[in-house]
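Here's the structure, in structure tokens; my notes come after.
Every chain is named by a letter (A, B, C and D) in the order it is written, and numbering of its residues begins at 1.
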Amino acid sequence: MINKICQGIEDAVAGIEDGAVILVGGFGNAGEPIALLNALAARKPRELTIVSNNAGSGDEGIGQLILGGCVKKFICSFPRVTGADAFDKMYEEGLLELELTPQGTLAERIRAAGAGIPGFYTRTSVDTPLAEGKEVREFAGLDYVLEEAIYGDVALVKAAVGDRWGNLTYTMSSRNFNPVMAMGAKITIAQVGEIVDLGGIEPEQVITPSIFVDKVVEVEA
Amino acid sequence: MINKICQGIEDAVAGIEDGAVILVGGFGNAGEPIALLNALAARKPRELTIVSNNAGSGDEGIGQLILGGCVKKFICSFPRVTGADAFDKMYEEGLLELELTPQGTLAERIRAAGAGIPGFYTRTSVDTPLAEGKEVREFAGLDYVLEEAIYGDVALVKAAVGDRWGNLTYTMSSRNFNPVMAMGAKITIAQVGEIVDLGGIEPEQVITPSIFVDKVVEVEA
Amino acid sequence: MVEALNRNQVAWRVANDIDEGAFVNLGVGMPLNVLNYVPEGREIIFHSENGVLGMKPLEEGAEPNLDLINAGKQPISMLPGGAFFHHSDSFAMVRGGHIDVCVLGAYEVGQNGDLANWRLPNTKSAPAVGGAMDLAYGARQVYIMCDHNGRDGAPKIVKQCTLPLTGAKCVTKVFTDIAVIERADDGMVVREMAEGLEFEELQERTGAELRLANDWKTLTAPDIAPPEKRAR
Amino acid sequence: MVEALNRNQVAWRVANDIDEGAFVNLGVGMPLNVLNYVPEGREIIFHSENGVLGMKPLEEGAEPNLDLINAGKQPISMLPGGAFFHHSDSFAMVRGGHIDVCVLGAYEVGQNGDLANWRLPNTKSAPAVGGAMDLAYGARQVYIMCDHNGRDGAPKIVKQCTLPLTGAKCVTKVFTDIAVIERADDGMVVREMAEGLEFEELQERTGAELRLANDWKTLTAPDIAPPEKRAR
């Protein structure tokens, strides 16, 4: 019987190695997999690359990883949010690398990794500093920038409901980056508010299908 | 008040011009917008390019457009299906152009048009005749082919439920190419089995959001 | 005496410029305020880049839901007909040309439509860009909402941007406290000027070269109180 | 006397080679038959490229639903836990390396793992490729299911493909009526041979150079009737 359900949050994050590229779902606090991130921080990993829209806030979740000295580099679109003090301080001291990428390009680069596309062209960032060093190419008279896929080792996502195969659904706007991150990593770990029996999610209503998910752990909301 | 609902199928297909590139949803007969295609054929358009997975079967839908002499060119992955007699005959007589593209590449090229991506790289078709004349580029030691977006003038799709804003849901595997086609065209026209009040589709369960749909017409199943 | 609009009135003016049925994205900051001034009975579908279509302001006294927020991470509410989707789909809408209008703030708008709104010079803090660059090229119309002059009096609409660009030649219309200016192929055209403002004075307060439209109108708005100063 | 498997037995053999929990795509034609021989109690999640995960065969006597079909346009049924999604997402699964195994038919398999299965020569009829090229490179393992020799006796496993390729160096394992052959870095290794078959005869009936694994086994299957001839 297929069973991707982990009994404890520690089991869920076991095996994540130093130096891993971690894709993290969420936008601000909505959909941020706080419990998984805290459990990961407790393992005291080193030299992680965190790929997420924001660079965390407060001392939980991504903030806890930063404070624990676990993060070497961020790839994100908007690191500065209210309460991103941990990030701000370490960035200003030169202790964190940052690869800034526009939000749409970030989402598309991760989807690309999940979809077998190593590179694609986009108008976004043409003629701006974020296009520096990137190939520019003309299609139908307009310039486009070549952007490359971001491949994750692990994705940490938060969902509302999950089942033992790994199907997931999300609540309202907490969906955001979560389904995208789930596509782009070798191993996807989901914290869910509720585990239901197989078939408890209507097949038309599955948002992240089981194929993109490796571990599921129930976490009280 | 926004109201994308057309009262008749003729209104729904009004204004489609000769020479248009038409994206057609469906996979085999599942999800094929037969009523819209028949109504389009009745207008006797000329020189259409049809982009769809199959080249129709029988004398309804895409078959009716072929028999009516409306089609100049197909872009599809699998023209030959049981009963694709109209296509087979005209193709063998040299009366139809065919651009064959792998099914995944077809879906991705149309999504690309809808997502502002003029071109992307894929492994699919490398070292095969379908890569001939296309740029090949190496990423991380592997060859990839450059594929370009397919931009539709009009998309014809079939959905189960729609509302006056244009939100759509689909039944089971009749979803297939429909949401993709809806993204890739300037104008998207949906035939739906049922029109519901605004709010009748849960916001988490919308599959094609209103922004991708321009006209909705109810057609008895 | 120039009757400049306050920021709420500018938001009102922008909201009134948007047609029924338009799909509209509002940038973080001043632009999000446009949501509060949609004319009674006009259906406009607002897009939030974090995966929302059909948002509306949170009702007075309603309980905020942490899972229902806008791009500025503020709680919102939903219209019937709204939809949720993930970030790739959300930015396919933006980058694929499906958004009719986006409303953004600006540090500088160039005479040629260049936009700079993401990076100030001489700052130690980390850069942040969010969805601004995606919107600048992706939306069919890029509306800018800003004070006409900064606190030091320097014009926001300039001959040529000096700050790092968000997008080149992308701005289509600028709404300030004293004017509505459209970008035409041959330059910046003043469509509306505040009561009591002379064109010469407007030109003086603007870095770009302006042209007054023959059918220019007075920029007016109903009596709306200015926003309260936010505590920092 | 060589005890070759019939086509249903080959489908059984392939089904038994797939691990629990695997995500598996079945090509149109012979491979779709694998669905009927999943070992009792083993959970395998079958993907159909038209946007289905978790399909199972239509129950005997059940009403087919025209909206629920597989890649061969045949009616199917669903396991609890299944999901529907659109074509771009479906092929993201295929092309992004998420499918563990795909099972395809073949006209020719080259000694280096090249696959030709979409285009016969000297035909006036239109070419058709479907999802074969996406699967050939996208799936982690590409299993081929075919008769060892064509009606004219010509081998399907050849030194070098002469037909237009579906994908280069992509095949990982071949299941025929008389052998199971794995592609190793240094060539084709015979893992199983039918009862009564000598390696020399197998080599003679094969275009590619074969090597017999030290731990090779007899290719056997339970007694299953061959498929009925389909009316044309």
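Keep in mind that, in the parts below, contacts are C-beta pairs under 8 Å (C-beta built on N, C-alpha and C of every residue); 3 or more make two chains touch, one makes a residue touch a chain.
Here the structure is a predicted model, which is why all the values come from computation and not from measurement.
Chemist: Moving only to chains each one touches, count the minimum steps from subunit A until you reach subunit D.
Modeler: Tracing touching chains, the least step count from subunit A to subunit D comes to 1.
Chemist: Which other chains touch subunit A while also touching subunit C?
Modeler: Common contact partners of subunit A and subunit C, which must touch each of the two, are B.
Chemist: Among the chains here, which has the CA centroid at the largest distance from subunit B's centroid?
Modeler: Relative to subunit B, the chain whose C-alpha centre sits farthest away is C.
Chemist: Consider the two chain pairs B-C and B-D; indicate the one with the greater count of contacting C-beta pairs.
Modeler: Between B-D and B-C, the larger count of C-beta pairs in contact belongs to B-D.
Chemist: Could you state the distance in Å from the CA-based centre of subunit B to that of subunit D?
Modeler: Measuring from centre to centre gives 29 Å for this pair.
Chemist: Distance from the CA centroid of subunit C to that of subunit D, rounded to the nearest Å?
Modeler: Centres of subunit C and subunit D (C-alpha means) sit 56 Å apart.
Chemist: Would you mind pulling out the distance in Å between where the CA atoms of subunit B average out and where those of subunit C do?
Modeler: Whole-Å distance between the two chain centres: 35.
Chemist: For subunit A and subunit B, let me know how many angstrom lie between their CA-based centres, rounded off.
Modeler: 32
Chemist: Among all residues of subunit A, which ones touch two or more of the remaining chains?
Modeler: In subunit A, the residues touching two or more other chains are 108, 111, 115-117, 122-124, 170-172, 175, 203-204, 207.
Chemist: Mark out which residues of subunit C touch at least two other chains, giving numbers and ranges.
Modeler: In subunit C, the residues touching two or more other chains are 84-85, 88, 91, 94-95, 137-138.
Chemist: With chains as vertices joined when they touch, what's the shape: line, ring, star, complete or other?
Modeler: Topology of the interface graph: other, matching no listed pattern.
Chemist: Could you run through all the chain pairs that touch each other?
Modeler: Every pair of chains meeting the touch criterion: A-B, A-C, A-D, B-C, B-D.
Chemist: Can you list the subunit C residues touching subunit B in their complex?
Modeler: Going through subunit C, the ones touching subunit B are 20-21, 23, 43, 45, 47, 53-54, 78-85, 88-89, 91-99, 137-138.
Chemist: In their shared complex, at which residues does subunit A touch subunit C?
Modeler: Residue list for subunit A touching subunit C: 27-31, 53, 55, 77-82, 87-88, 91-92, 98, 100-105, 107-108, 110-111, 122-130, 170-180, 207.
Chemist: Residue numbers of subunit B touching subunit C in their complex, please.
Modeler: 1-2, 111, 113-117, 163-165, 167, 183, 197-199, 201, 203-204, 206, 209-212
Chemist: For a test of understanding, state which residues of subunit D touch subunit B in their complex under the given definition.
Modeler: 48-52, 65-69, 73, 84-88, 90-91, 94-95, 119, 124-134, 136-138, 164-168
Chemist: Would you pull the subunit A residues touching subunit B in the complex into a rising list?
Modeler: Subunit A residues touching subunit B: 108, 112, 115-124, 137, 139-140, 142, 144, 148, 169-172, 175, 203-205, 207.
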